[in-house]
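Structures for review follow.
In the two complexes below, chain A is the common chain; its partner is chain B in one and chain C in the other.
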Partner chain A sequence: MFIFYLKSATHSLLRNRVLTALIIVAIAFGIGASMTVFSIFRTMSGDPIPWKSAQLFVPRIDTRPPGKHQDGIPDLLSYQDAMELRHAKIVAHQTPLYTLALHLMPEDINLLPQHVVGVAVDRDFFHLFDVPFRYGSPWAVENGDDGSNVVVIGKRLNDRLFGGKDSLGQSLNLDGTKYRVVGVIKNWDPQPRLYNLLNAPYGDSEDFFIPFSTAVEHKIAPRGATSCSEAWSERLGAVCTWILVWVEATTPSDAQHYRDFLADYAMEQQRLGRFSWLPSASLSNARDWLEEKHIVPTETRLSLILAFGFLTVCLVNGVVLMMAKFLSRDRETAIRRALGATRTIVFSQFLVEAGVIGALAGVLGLGLTAVGLAFERSLLPKEMARVTALSPAVIGMTFGLAVFATVCAGLYPSWRGSIVEPAVQSKT
Partner chain B sequence: MLTMTNLSKVFRTEFLETFALRDFSVDVKEGEFVAITGPSGSGKTTFLNIAGILEEFTSGEYKLDGVNVRHMNDDQRSRLRNEKIGFIFQAFNLILDLSVFANVELPLHYRRLAAAERKTRVTDALRRVGLSARSKHYPGELSGGQQQRVAIARALAGKPRILLADEPTGNLDSQTARGVMGLIEDLHRQGSTIVLVTHDPQIAARAQRQIHIVDGQIVALEQLGGLSRTAASVTIDRDAP
Partner chain C sequence: MELLSIVTGLRRHKATSALIALQVALTLCIVSNALFVVHDRLVRIDRPSGIDEADFAMFRNEWLAPEGDLKARIQGDLAVLRSAPGVADAYATNGAPLYLGGGSGGVGLKPDQETPSANAGEYIVDDHAMKTLGIRLTEGRWFTAGEIEERHNGPEEGPPIVIITRALATKLFPAGQALGSSIYVGKNPSTIIGIVERLVTPLFYGVPAQVTDSFFENSILIPGLLVENSYLYVIRAMPGQRDSALLTSQQLLTQHDRARGIDLVHTFPAIRAESYKTDRSLASLLSLVCAMLLLVTGLGIVGLASYWVGLRRSPIGIRRALGARRIDIVRYFQIENVLIVGCGAAVGLALAVAANLWMVQKLALPRMGARYVIAGAAIVLILGQLAVLWPARRAASIPPARATRAL
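Our next item is the complex of A and B:
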């Protein structure tokens, strides 16, 4: 029977092509506008690691004197505090992190060095954020304490330097120091880059990952603004903050235990005379931290509301046009009813027709969404271009929304079209 | 086959009550060919619509093939109509953007017959009306007589218990009308029960029995002027099928 409904719908749509086209275009524009904004919103607000983000936390300690807390607790820790937390081993997995930029020196001296961006982390980083590996694994030494010159590289860098092949054992010259490749990760581009929100939350993932201890040993300065001066000795002190720390607490009781530890640590620092006041300490869950960082601008949220409002207007237009379309076939409907079609059959037929209209509007709407995202891409900074990508999930959602919304919009017109009495129209 | 007992159809407004049919009783037996005649507004089409379960009635009883239709819901009426009744309308009432085959097949879809069964019935019905070669044509490509034949095939494909025809030759020229009436008479000879509404006395004369309606009631034949009768309907001496 569904095939029969589809054939009937096709006949009906082709019978009045102009009206059919009007309905499709009206709905497609609403779909295109709303899904363009939604696609961007989804990327910006999405939790890139939803299966695990509830277990990931950022410990923060505000060492500023009272009266300097207007802008909330700073996200970065000093080297002293980060190492104290690292060595306390309150949780099973944790990592310090900071971003760095180096020059990749090619083997061929006639070629120019390439600017590459990476992060300095402990090996636990790859466990914390479920980083997938194509070749090899994280460096073998626990926390990289021996300062080994090893490196894990990203897929893009591996493709560029080694043609995508297994490059384990190869060496990279970064700022004059040779690092041995021990791992190559797969295509990994979480959006936003939760682990490094403070440094360009959207964009490509880093080119390389080296042990935190190795980076400190080589005195590699962090990339981006910090509260530190250029002197490396100051960075190793207790005042300037430049390190982000991530910990994993798998249960609420583990998280509470860590909070208690932070509070105790703050009190201990005061007792040891480092501060004359009690420093604030907090443990922020990854999701709360995303929210706090306002990754999604207010303008984007407002645009989303307006875009779906526009879709509603387009669907109302669709309702009116479908009413005109279905009710203009009163005579045919009466004939079908006279021949034995129940109201349910007629209703179902009209609803399938609405579904077909929705499917066609979905295809056109998808095209308009792609155009909209391309337009947005031309307006946004290059590092934000990633948020305008049309993901397979959004493609599916666009099509599904078009069909669902049009079928819902078609409910009333279908019902009105089905309540035609067979006798009135059949009289001659 | 078709039995109405004291059936009335009343249209009520705030100020007026109009009887389209008043205490109407009729009994059409299986295999009969009955003509319903009467002036415009007499209630012929209302009778046909009620007989075809296209309209509800106000009071009385109506049994179609032994089934009492009075308290049926809309879905039940639709299914009974689909299974028991074949319609032949004055204006043909074909769906213009369906082919001849698809038009004849339409009521069979609503009965959810298998594709093979539908094809067999449609082919047989088109053969009976002599339009096998036109199955892929569209109604707009056919003459009036051919369109009416398609309508008859559509009515036959469902193997109805009764055929209801409302002025089947009203939109046709005389020659074509004779052809269509010949086909209807053939169907009667083959055993079909036919109730036909017509203005045309020549058409009516070809039926086995005539029922004349005036102001919603069956009237005595003497009122028609000149023909003897004693009953509320006239039985014409014709060979039974």
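Our next item is the complex of A and C:
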């Protein structure tokens, strides 16, 4: 029966080709535009590690004197606070983090040094963010504390320097210090870079990772967001902030435990006379933090609203034209009704026709989405252009949306088309 | 009389007419809001920087072994740069107009003012900076070589003298008299010794555009030689020699002292293009979608009107037989279209304003002026007329005799 409906739908679609083409093209345009923008939006507002993010938290302590701060609690901690949290060991896994930029000194004196960006972290970082290793592993526990010059490098740097081969034990000269490679990361590119949102959230993943203690021992200055001056002594104090801390709390009670600890810590700092006020402290879940950082630009939200507005117009247009198409067949419908077709049958046939229109619009819309994404790639800043790929999920959603939306749009025209009275029409 | 018959005619197609009017309303709502955003962004992109953009070039210098007398090394570099072929002048600084990664701070009129009177971008400049940037000093004087002290990054204590932009002067001293007055960027007072016509701020990490735009023309120039491990060199090339001067100066510096890394090499058009890339891509995306939207709605009107022409072949023939001219038939469809599109536009006006207010609240967009909605309404009305022309002409060509035959 359905096959027959499909055949008759195809047949009637071919009858008024211009009108059919208009409906299909309009819906396809709407689908193409909205899916282009939506796929960008989805990636940008996305959670790069949905399976883990509920367990990751950022502790924050506001060390500024009370006053009119409109920007909420700062994200970064002072060295003193970060180290207190690290030593308290309230949770099993946590890491401090800061971004650093160094120069990779080539062996060949005639070559210029290359700029490389990395982060200083504790070895728990790799556990917290489920970083996959190609070769080796995170540095040993003792290396994290003794200031060893060890480094974990990213796939890109390993490809560039060692042709993608196993480079464990090799050494890298970063700003004059030799670091031994203990691990090489697999292709790992979380978007946005949740762990380092404050610095280029859609940028490439880091070239290298070195132990936090080592970086501090070498007095390597943080790059990007910081409230510190260049004096190293000030950086190791309790006032200026430059370290982001991540903790893992696997259960809600762990998180609550950590919250209580933070509140106690803030009170203790006041009691010790460090503050004359009670500093506010908070523990934010990674997802809330992502939301709070508004990393989806206004432009993308605006485009999303616009694109779905456009799709709505295209669908209303589809309703109008399907009305015209279905109602113009009132004589044929009347005859079929007189020959015994029930309203339900006529209605279903029209609806199948709408479905076929939707499927065709879906195919065309998919092509337009591909074109739209290519267009966006050429316009967006380079670091954001990478988030615009046509994934299988996007393909499925595009097609599904096209069929679903068109069938919905076809409901009213199908009903109107099916309520034709047999008797009245057969009289003429 | 004719109007009445048109309305009666439309009442037979209530649902379809209402739907096409709804489509027009939505189109108007989207088009006017998009027009507004596009115009807003284009104005933003075109804002002048206040500097000589054509001959501007910059790069970052980073000392790999920051030992020894850094100040002397920087001064040595500047001497090399200033005598380099094709270079008119140069200076070392912490930031450049429109360039991401500058410094900013609050400016007050009293020491320890709780809420600053204004925000401003801070530039550390020396006696060569005016000529290098090509900015226009309208009041007072520029810094002399003797006033250039060694400076470092970090919180500003308050230099004894500063130069500010006209916009900042007006904001701080609405009654005038900025020149010679004191302002506070730190705990010490700074006397304003000069006012420049225009110099826009750099851009700042993590600061959204709405915030930067609120003090875009407020800049403070602080006299100093930035003695840091990492900073920018800004050069002004001789006219037409920018690219070669940029290359030569990097080579000369590397020959002069190899223990350095040079990166972030930019000319001003590149900086401008990079800073406004999102604006530009948004503007072109919105324009493209608007064009497609108008096309879809136009084609929708064509499709529906053609269908109605087909339905009304007999009545049109009768009218023609009874003496209606072709132009009367065309006019009939045109008036009908004005009625539908007009109703749609009226609803669309309200929708457009509501959508804008919603976005003002949700996305912190500015309020839309009435002209965009009016322009949008004009566009949909013209579009409607253009779209209905072809079906109306076809209707007018229905011969009177043929229609009567069909009866």
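We adopt the following convention: the second predicted complex is superposed on the first by the 308 of 428 C-alpha atoms of A that agree within 3 Å, B and C clash if a C-alpha of one lies under 4 Å from a C-alpha of the other, contacts with A are read in each partner's own complex, and residues count from 1 in each chain.
One rule holds in what follows: a contact is a pair of C-beta atoms (placed from the backbone, for glycine too) under 8 Å apart; a residue touches a chain by one contact, two chains touch by 3 or more.
Keep in mind it's a predicted model, so treat the numbers as computed, not measured.
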Partner chain(s) touched by A:R274 [first = chain B, second = chain C, both, neither]: neither
Which superposed partner A:R64 touches (first chain B, second chain C, both, neither): neither
Which of chain B and chain C A:R377 touches, first, second, both or neither: neither
Touched partner set for A:F29, first chain B, second chain C, both or neither: second
Partner chain in contact with A:I305 - chain B first, chain C second, else both or neither: second
Touched partner set for A:I335, first chain B, second chain C, both or neither: first
Which superposed partner A:R156 touches (first chain B, second chain C, both, neither): neither
Chain B versus chain C as contact partner of A:P422, first or second or both or neither: first
Partner chain in contact with A:R287 - chain B first, chain C second, else both or neither: neither
Contact breadth on chain A, by residue count: chain C or chain B: C
Residues of chain A touching chain C in the complex: 18-19, 22-23, 25-26, 29-30, 33, 37, 67-68, 103, 105, 112-113, 115, 175-176, 198-199, 221, 224-225, 228-231, 294, 297-299, 301-303, 305-307, 309-310, 312-314, 316-317, 319-321, 323-325, 327-328, 376, 379-381, 412, 416
Touch list for chain A against partner chain B, complex: 1, 4, 11, 14-15, 332, 335-345, 421-423, 426-428
Residues of chain C defined as touching chain A within the complex: 15-16, 19-20, 22-23, 26-27, 29-30, 33-34, 37, 62, 64-65, 114-115, 152-155, 205-206, 208-210, 228-229, 254, 261, 263, 274, 277-282, 284-286, 289, 292-293, 295-297, 299-300, 302-304, 306-307, 310-311, 359, 363-365
Footprint of chain A on chain B - complex, ascending: 45, 49, 52, 54-55, 74-75, 78-79, 81-83, 87, 89-91, 93, 95, 97-98, 106-107, 109-112, 154, 158, 166-167, 170
